[in-house]
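By letter and in written order, the chains are A, B and C; residue numbering begins at 1 in each of them.
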Amino acid sequence: MTVRMVAEWVGGSVEGDESLRLEGLAPVESAGPGQLTFAADARWAGRLARSRAGVALVGPGVQRPGMTLIRVASVPGAILALLERLAEPEDLPPRGVHPTAVLAPGASLGKDCAVGPHVVVGAGARVGEGCSLCAGVYLGPDVTVGDRTVLGPGVVVRARVTIGRNVRIGPNSVIGHDGFGYHFSGGVHRKVPHAGTVVIEDDVDLGACTCVDRAKFGSTVIAAGAKIDNLVQIAHNVQVGKGCLLAALAGVAGSAELGDFVVLGGHAGVRDNISVGRGVQASAFAAIAGDVREGEIIAGVPARPWKEEGRIVAATAKLPELLKKVRELEARIRSLESARHNP
Amino acid sequence: MTVRMVAEWVGGSVEGDESLRLEGLAPVESAGPGQLTFAADARWAGRLARSRAGVALVGPGVQRPGMTLIRVASVPGAILALLERLAEPEDLPPRGVHPTAVLAPGASLGKDCAVGPHVVVGAGARVGEGCSLCAGVYLGPDVTVGDRTVLGPGVVVRARVTIGRNVRIGPNSVIGHDGFGYHFSGGVHRKVPHAGTVVIEDDVDLGACTCVDRAKFGSTVIAAGAKIDNLVQIAHNVQVGKGCLLAALAGVAGSAELGDFVVLGGHAGVRDNISVGRGVQASAFAAIAGDVREGEIIAGVPARPWKEEGRIVAATAKLPELLKKVRELEARIRSLESARHNP
Amino acid sequence: MTVRMVAEWVGGSVEGDESLRLEGLAPVESAGPGQLTFAADARWAGRLARSRAGVALVGPGVQRPGMTLIRVASVPGAILALLERLAEPEDLPPRGVHPTAVLAPGASLGKDCAVGPHVVVGAGARVGEGCSLCAGVYLGPDVTVGDRTVLGPGVVVRARVTIGRNVRIGPNSVIGHDGFGYHFSGGVHRKVPHAGTVVIEDDVDLGACTCVDRAKFGSTVIAAGAKIDNLVQIAHNVQVGKGCLLAALAGVAGSAELGDFVVLGGHAGVRDNISVGRGVQASAFAAIAGDVREGEIIAGVPARPWKEEGRIVAATAKLPELLKKVRELEARIRSLESARHNP
């Protein structure tokens, strides 16, 4: 690609040599002379000055003498547009059913589906139009999958789960396994049967090795447009609201409810049977142990309002010194008391 | 199902219309007019009063004018009985060996086994009677599996692992991979060979995407009746006691020992080479960094006795205020000291 | 094996009966009369005295009257040598391509490769010499794999990823899935295309169910000799330095950089876009929220220098008592103030 092509794709104007050839995009520190880098605003000027990049995508006001610039109104928007051009088509099986796939009698596939090698589709499963079932996918009996949904290699979807349209599930994720429920009686943990299912609504993305458990009754629900990263645990009967973002290694315990557009950082955890209000943002490692009101920003183990947690973290750093200080004050009080009694 | 049928299944008595038809079980807040809900005791009375449910399973003393009630001695017991009725049979392959399965010569299967598509069973593996190996299961050479054990789709069991009877392993879990052991020499991490194995005793359940590593020597052991959730890490040479419950995203490091009936909350971690006594209960995110005595209840990072941790968490909330208070006291002391010297 | 054989393998000298037969290695507490145990130095003398083991590998100066000893200069070195003898060959498919494997036209395999059942290799993939692709492995189009690399059962490697020589990837791990990147616009999370790839250099080990995401542009890199445990998350554009050790359930967020020989304990987390210097050691549960200088040892949520964190943890244990103490001091000050005004 040339500078001129990139400028056209991103709707930018060139300041310098339009004919330069580029070999990809790289961060400002590591980009080489044949590469394109980026600097959103004036705070990046210093790093851009030291950069060896050949060309930079820059926002309004960013200068870099001696480097060809492609100036745009929004650098993140331009990068998005550029990545949409550069990204190669996803690694999906070709349309049709691979001869090694095993489709049960009574399973139905919509038109234009792509079913890869070693896929298994159970009896009564109904797959919509234009879906991709990558190599080794397992769909249990009576699973429903909406149009244009993509299930990555090794995904397991157990019986009767419902998956919407335009859903993407990453490799080796597991949907609809029985939840972790036991009833202790007679000295042993008896398994609680899981009569419910999982509903994954339209436009949901799940990452790789992520687990969404089947409900005890009713459904575990991942609502429309929620995006969930790798290695996340969603327990039985959890309700994840629309447009939620859950980062890797987060876990939501049984019957907890996340309102719409909740954000959980990496390693965050939500206790069972609590309610996290719409728009709550929880930082990485937040251990959410009770209901949280709409719009709160929280952090910490246990999670507290973010500002309060910040003050506490800052204060704990002074704690060892505070202990000394209090010992010293006590000595001074003792001395005052003793002076009072022995003037 | 009708109210009368449910009452019979759970051994309850009907107060209201026995002939009502029900379309499933739902929590008190979300149940609709055609659904059954539940209210264990008088603390639920307010929520039940506002519920739109058609019928409620209730414990002794719970009242709800205008709603048909099924009264039982124990609501959790009744729900368990009901779920046992409602749960559909698990999604398992039919008896027999699917033609796409690959069984090595010298592998043996007990009678009434169900082996799904694309299963691989290594040489010398011995599978008991009535076992289910779901689609894509991999059993390495010389693995032993006891009677009536169920391995979910995509489960990997590497060579020489021993699995007991009535064990259930969730999809895409991995048993018997080499542990994480290296010896640093000559500037590189040399892999420590893992000459040991894994023993999973009878009646153990493991969730999905859970990993149990092979021992360096001897065995990593999951003792009888232990129940382990999704995405849990059990490192080499760990000993998990009988009837332990380990929630999702918990991890137990090398050679740690958990006594019988230990409970680990989600995201809890156990340090290597320590001993956690029988019946210890660790809350979510407990970072267990040293030996714990039998029966302790612990919480926190690092984990401490639960009551102590509660006091510390409450106290840290007051810490920013305490810092101010101590500064104020110091000023008052200074003022007293100055008054003493300049009366 | 006999005592004499073990002594020869580990380069030790026998004090006692060379002809004893041994049935494996076990820790000092659990070893039985037919087993070999070990005691590195004099600190183990008490436990060794109580041990029922038949024979012990011991370091200089360790005594145990009545037990046959194999004396060596370094007990860990001797155990390593012994495990290298005892470990059975790894569970890998035999050389050749299993008839159920599906190799796309244009995929190339070097000589002496072993390709197990149900493996899928995409078009343009190039696999080096002596590689093992275990059952159910998926290699996407244009993946490159270096010589003598071992991919465990169920490993998924998506298109265009590059894997070096002598790499080992554990079962059900996922390499090269799109990272977790969204752009919020028009009320929905739009997926950011991932035009980059993953590069895994020589001699890297990844555990089971571990995820390494594809870069937005350029590459996510796991540098030579890094060792990563089970259930670890490596996000898009992360750079993991040479010889790093990352324990189970750790997570590294987008574009973070780990210098060479960084160690992350279990459940540790690294924030996005930060830099962790060479040789940093982070304890279990360390929540690394900002840049860390070379060689630091850190711990805590949020992570701080280890010694400081230790002082803070010790101090917080005294915090409830400190609150009482400060209230008491305030009363004493009030009493002094009152005495001053009413002498």
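Criterion: a residue touches a chain if its C-beta (ideal position, glycine included) is under 8 Å from a C-beta of that chain, and two chains touch if they have at least 3 such contacts.
Treat the numbers as computed from the prediction; the structure is a model and nothing was measured.
Under half of the residue numbers found at the chain A and chain B interface occur in both copies, marking it as a different-residue contact. Annotation, chain A versus chain C: rotation angle of 120 degrees from the Cα superposition, expressed as a multiple of 5. If you average the Cα atoms of chain A and of chain B, the two centres end up 23 Å apart.
Counting partners per residue, chain C has 100, 118, 136, 154, 172, 209, 231, 249, 267, 285, 301, 316, 319, 322, 326, 329, 333, 336 as the residues that reach two or more other chains.
On the chain C side of its complex with chain A, the touching residues are 100, 102, 118, 120, 122, 136, 138, 140-141, 154, 156, 158-160, 172, 174, 177-178, 180, 182-183, 187-195, 209, 211, 213, 216-218, 231, 233, 235, 249, 251, 253, 255, 267, 269, 271, 285, 287, 289, 301-302, 304, 308, 311-312, 314-316, 318-319, 322, 325-326, 329, 332-333, 336, 339. Residues of chain C touching chain B in their complex: 24-27, 30, 76, 80, 83-84, 86-88, 90-91, 98, 100, 116-118, 134-136, 152-154, 168, 170-172, 203, 205, 207-209, 225, 227, 229-231, 243, 245, 247-249, 266-267, 284-285, 300-301, 313, 316-317, 319-320, 322-323, 326, 329-330, 333, 336-337, 340.
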